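In the two complexes below, chain A is the common chain; its partner is chain B in one and chain C in the other.
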Partner chain A sequence: MNALRTYVTERVAYYLERDAATIETDMSLPDHGLDSVLALALCGDIEDHLGVRLDPTAVWDYPTIDALLTYLSGAVAEAKP
Partner chain B sequence: MTALFPDAAAIVSALGSFLDPDNTFSRTECARLDVEEEFPAAICRDLDRLGLPAQYVPVAQGGRLHDHAALVHVVRRISRRDLTVAVAHAKTFLGAACVWVTGSAGQRARLAGDVLAGVPVAWGLTEPDHGSDLVATGFAAERAPGGYRLTGVKWPINNATRGGLMCVLARTGETAERGPRALSLFLLDKRTLPPGTIECLPKTPTHGIRGADISGLRLSGAPAGPDALVGEPGTGLDTVLRALQLTRVMCTGLSLGAADQALQLIHEYVRERFLYQRLLIEMPHVRRTLGECCARLLLAEAVSMFASRSAHTLTGELAVTSALVKAFVPAVVDELISVGAEVLGARAFLTTVYADGAFAKLERDHRIVAIFDGNMAVNRNAVVNHLPALARYGDGAEFAAAVRHAATLDRPLPPIGELSLRSRTGTSVLRTLPSAVAELRGPARELGDALVTVAERLRTEAGRVRPSVRDVPAEAFELVERYEWAFAAAAAVHVAVANRDRRSTEPWWCDDRWLRGVLTLALDRLRAPLPAGAEQVFDELAGTLTIAERPSILPAADMEGE
Partner chain C sequence: MTATVTTRVDRLEQLLGDPWQPDAPLTNDVILAADERSEMSTRGEELLDEFGFGAEFVPVAYGGRLDRLDDFLTLSRAVWRRDPTLGLGHGFASFIAGVNIWAAGTPGQCRRAAGLLLGNAKLSSVYHELEHGNDFSRIEVSARPHGPDHLALHGRKAIITNVGRASALVVLARTSAEPGSRSISQILVDRAALPADGITDLPRYPTVGMRGLMLAGVDFDGYRVPAGAVLGEPGRGIEVALRSFQLTRTAMPAMAAGVLDTGLRATMRFTGDRRLYGRPVASLPAVQAELADAFTDLLIVDALAMSTARAIHALPEETVVAASATKFLGSRRLLDAMNRLSRVLGAHFYVRDGEYAIFQKLLRDLAPAGFGHAARVACLVTMLPQLPILARRAWANPPVDAPAAIYRRGADLPPLSFDALAVRTKGGDSLTGALHAAAEATAVADPRLHRLATAFVAELAALTESCATLEPRDLGPAAQPEALAVASRYATVLAASACLNVWRHERDDPFLGDPTWAVAALHRLARAGRLPVDPGLAATCRPALYIELAARFAGHRTFDLADRPLPV
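And then the complex of A and B:
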């Protein structure tokens, strides 16, 4: 889970063009500039990284890193038989 | 070959000749309506009577829509006569698309009944202060006993006044909430709203499509019952983004019709006009320009037909396919029109001298196609966000069958699949290009190989683009523009190899003529080295025009009946 947290935080930092150290995991991503379209791109990255299919709008529904990680742990558990 | 799109052929032939001023839908009447800035009401009534609205309604709802290429084609046939009429009428499909994508069974049935009865439907997305920025939507839907109350302004909106129904994007969340889940869609029946809650804003004068109803709607606490909500609350933006994939593909029909019309006017002029004791068409540079214009039209047509058919077989890629064609097709047709204007000289500028000023009108009318339903910047931005994914994928062998199916123009299509907001598989058209090119022989093969080289280089460049919160750099837009050309050319290769065996005796198909023309055009644009003498294909195309008239990859039966 820590590895996934690091990955997602780094991707968010990449899109927001900020240092990963400045990204808080409970901050609202849209409020910090991650618009609806970049959110789709982020979701695609995570999908490729984990090798699971996610709802493309997952980042719309879970707009903080913490909420997203909770959702992802569920999605990964579901994907495993 | 028989017509691929018999419905469109029947509607067009029932309209009678466009050149006969006694017909309702005639060039003379369209010119008059444009001068008077008058809505083409009688023409739209005729189109209703001839069954055009059924083309906008899925078969499952009692309509005739089962093939999005047929929708593109019927819009093209109307646009070839008059873009104002096409924009005014086909707008109903845009207004209805969200309900087809996500509406309840009851909503779909009710809307189908209205559309089939000829009620115009409008699509209320744009607002005065934030055009393309949908997340900034301010039009408010507040919870109220028995549903919602809607307050706000939608403007400028096509058919806002004439539409009996309007599908509007509204804010159901908190005003300060920026996220996409704050937005919901409503299908409003303007005819039933209480007086005092609804006001239509006056027609806005426009540069082109002067007769169209470009106006607005102001609501003040208008009631909307729960049955007006389209999809779940908070799903407005994803529904709009899905519906836009279908409407952007449909818009290519507007540009194709404009290109047909432009080329016809240019061709008629150059074969009748004498200059220095010669016909214009006999002058080498005029023939070359004419052939290049044919190639632009054929490329636009090939990629539009492919994209609309791929909506059925590669539905999951439509997020990127639709953005590519909505940016590319209007742009290449604008280019055709402006090159044509140079050939026509003063005739393109004078508003009454040649063909009732049809060319000048066409030039004005077509400008709107690049703007509405997501302008070029919006579409290129959508592609930019896909670029890293487009660069990442392998050879796409698993999608070769779906690509071939889409490219085989006379093969029946399955119903459209699930629309996705993001293409997980990039663009299979480019990924499977090398295997399609391997089927080409002779001069077409040489051009195809050059395209493969360019496409591979583009893929490397795409991998270097970084989507971010910062404004998209101009270089990324320029890269997307080249990507559009490569995508269109690759689609043309697929269409050519999938159909040429059955079509090789037709003038545009013989010796891979149209394919060599569009590949030469595209490679030149992509700054790839051309085989010696490749440009002569444009003279061949100009020559073909004199025997086959309308440049098209479709069977002649689909282009006749004017």
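And then the complex of A and C:
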């Protein structure tokens, strides 16, 4: 889980072109300045990283990293029989 | 074309007549006179009402005739061939609003909108705010709860077709102050049935082209609508738009291809009528080359737009990128072709009366195909963040072929499903996957076509590498021109695949099944994309294309893939 948190935070930081240490995991991604199209690109990256398919708008529905991680742990558990 | 639409389009053509004949129901002179007065053509609107064109915007399930997108586009193109202002103002504006309703509305909302359209009333799609352009995520017009049963609208929308005369509006509004993509919704405003308190129409905009279009703004100041007027779940506005735009972005160049058809016809008339240097202008090789090239461009745009339209039926999970690519490439190619034809006409494209005056109007009316509905660069920005995903999941892997029905006129298609359309790419790309299968088919058919097809296969491989180097900033509106070029190059590959596959799946057609037009089309695309191809190829194809063009002109047939008879 910590590895996934690190991955997602670093990926968000990558898209925002900021240091990962400055990303607050309980602040909404739009408040961080991540716009809707980049949020969709982030979704695609996470899918390829985890090897699962997510809801198309997961990043819109779970707009903080914390909320997204909770959703992702569910999605990963579901994908593993 | 399917059999059902052939009957309808023939009836529409007969009803409107040959616009070049002085006794036709809708002549070029009548269309031009309305344009000079900056009015919609009353005659044109009456004839379309008589045809019941509103029913073409309504799905069969709600009592209309909208069944297949490609058939709808064939019918609409017949209107755009004569008068794009009529095409947009009588119709397409209602279609844009309509697809939002069919995609997200309740059965009750859909029935209400269908009833209006079947009665020839207009709908208006009220998205645009001057301050935000195509950046819909930042719109400011708000719809906030007002008492238990109502929403109150506040703010200003600008440059909206038919907002003043539409019976119902689809208003994109902010239903939450939170930033992000769950704060925006479409509101179906039944304007005809609501009190007019709190809504003010703003003056019309004078415009360069589409002069008759009722383009205006609207001010909302506490305008009350029932709380149930939201289309679908509140906060789903962006994804409803991302789905509906796939139909409307694809449609724009498909319909506007009718403008190039008439532009070519006007230029053919001119070059046949006029003598220079002691011979008809039509006999000059440079003139024939321009005409052959413009004809090829029309075939390219039609192949791309109709294949994307059919893919919306057959591959709805794969069209979110292709639709924006179609709008981007199709509109540019039509505009460029018309501009080149204007040089053949010389002063005659510039004067506003006489035999060829329709050309200057068409040229002005076509301009919004580039920036209207979605600016071309906004299309690239939609595509960019999705291209690396396509590169990783599709282009770098063994190609998946697309169904033949996407490329074959009139073949059976699955029904349209708005729910099946994807909000973002899932990584499938059969539309460029089909490029590989078509390239193999060229190997035994024609060495010229094979070399061109191989060049595009290599270009797709090069794009796969380019996508891997895109920086995050290049995936959004702040993208460098080099990054935008990646999206543009993708659109060119998609168009090449469309043309090659039309050739591949129409082998029984004497013209489309012959490699010549496909060689010309791919060569033009390759040159535009700066691929390393033999520059001399164009000259080998042009004579055959000019002969086909001249035969269709003399035989009163359309210049598009349909090669349909026109009224005489």
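In this text, the second predicted complex is superposed on the first by the 81 of 81 C-alpha atoms of A that agree within 3 Å, B and C clash if a C-alpha of one lies under 4 Å from a C-alpha of the other, contacts with A are read in each partner's own complex, and residues count from 1 in each chain.
By definition in this document, a residue touches a chain if its C-beta (ideal position, glycine included) is under 8 Å from a C-beta of that chain, and two chains touch if they have at least 3 such contacts.
For clarity, every value in this text was computed on a predicted model and none was experimentally measured.
Peer 1: Report for A:Gly44: first if it touches chain B alone, second if chain C alone, otherwise both or neither.
Peer 2: In the superposition, A:Gly44 touches chain B and chain C alike.
Peer 1: Given the touch rule stated above, what does A:Asp35 touch, chain B (first), chain C (second), both, or neither?
Peer 2: both
Peer 1: Scan A:Val52 for contacts with chain B and chain C and give back first, second, both or neither.
Peer 2: neither
Peer 1: Given the touch rule stated above, what does A:Leu4 touch, chain B (first), chain C (second), both, or neither?
Peer 2: neither
Peer 1: Could you look at A:Glu17 and tell me whether it touches chain B, chain C, both or neither (first, second, both, neither)?
Peer 2: The answer is both, since A:Glu17 touches chain B and chain C.
Peer 1: Find the residues of chain A that appear in the contact set with chain B and again in the contact set with chain C.
Peer 2: Correct list for chain A: 14-17, 28, 30-31, 35-41, 43-44, 48, 53, 56-57, 60-61, 63.
Peer 1: Would you tell me which residues of chain A are touching chain C in their complex?
Peer 2: Residues 14-17, 28-31, 35-41, 43-44, 48, 53, 56-57, 60-61, 63.
Peer 1: Give the list of chain A residues in touch with chain B in this complex.
Peer 2: 14-17, 28, 30-31, 33-41, 43-44, 47-48, 53, 56-57, 60-61, 63
Peer 1: List the residues on chain B that touch chain A in their complex, please.
Peer 2: Where chain B meets chain A, its residues are 135, 178-181, 237-238, 381-382, 385-386, 388-389, 392, 420-422, 424, 466-470.
Peer 1: Given the complex with chain A, which residues does chain C contribute to the contact?
Peer 2: The contact residues of chain C facing chain A are 137, 178-182, 238-239, 381-382, 384-386, 388-389, 392-393, 422-427, 472-473, 475-477.
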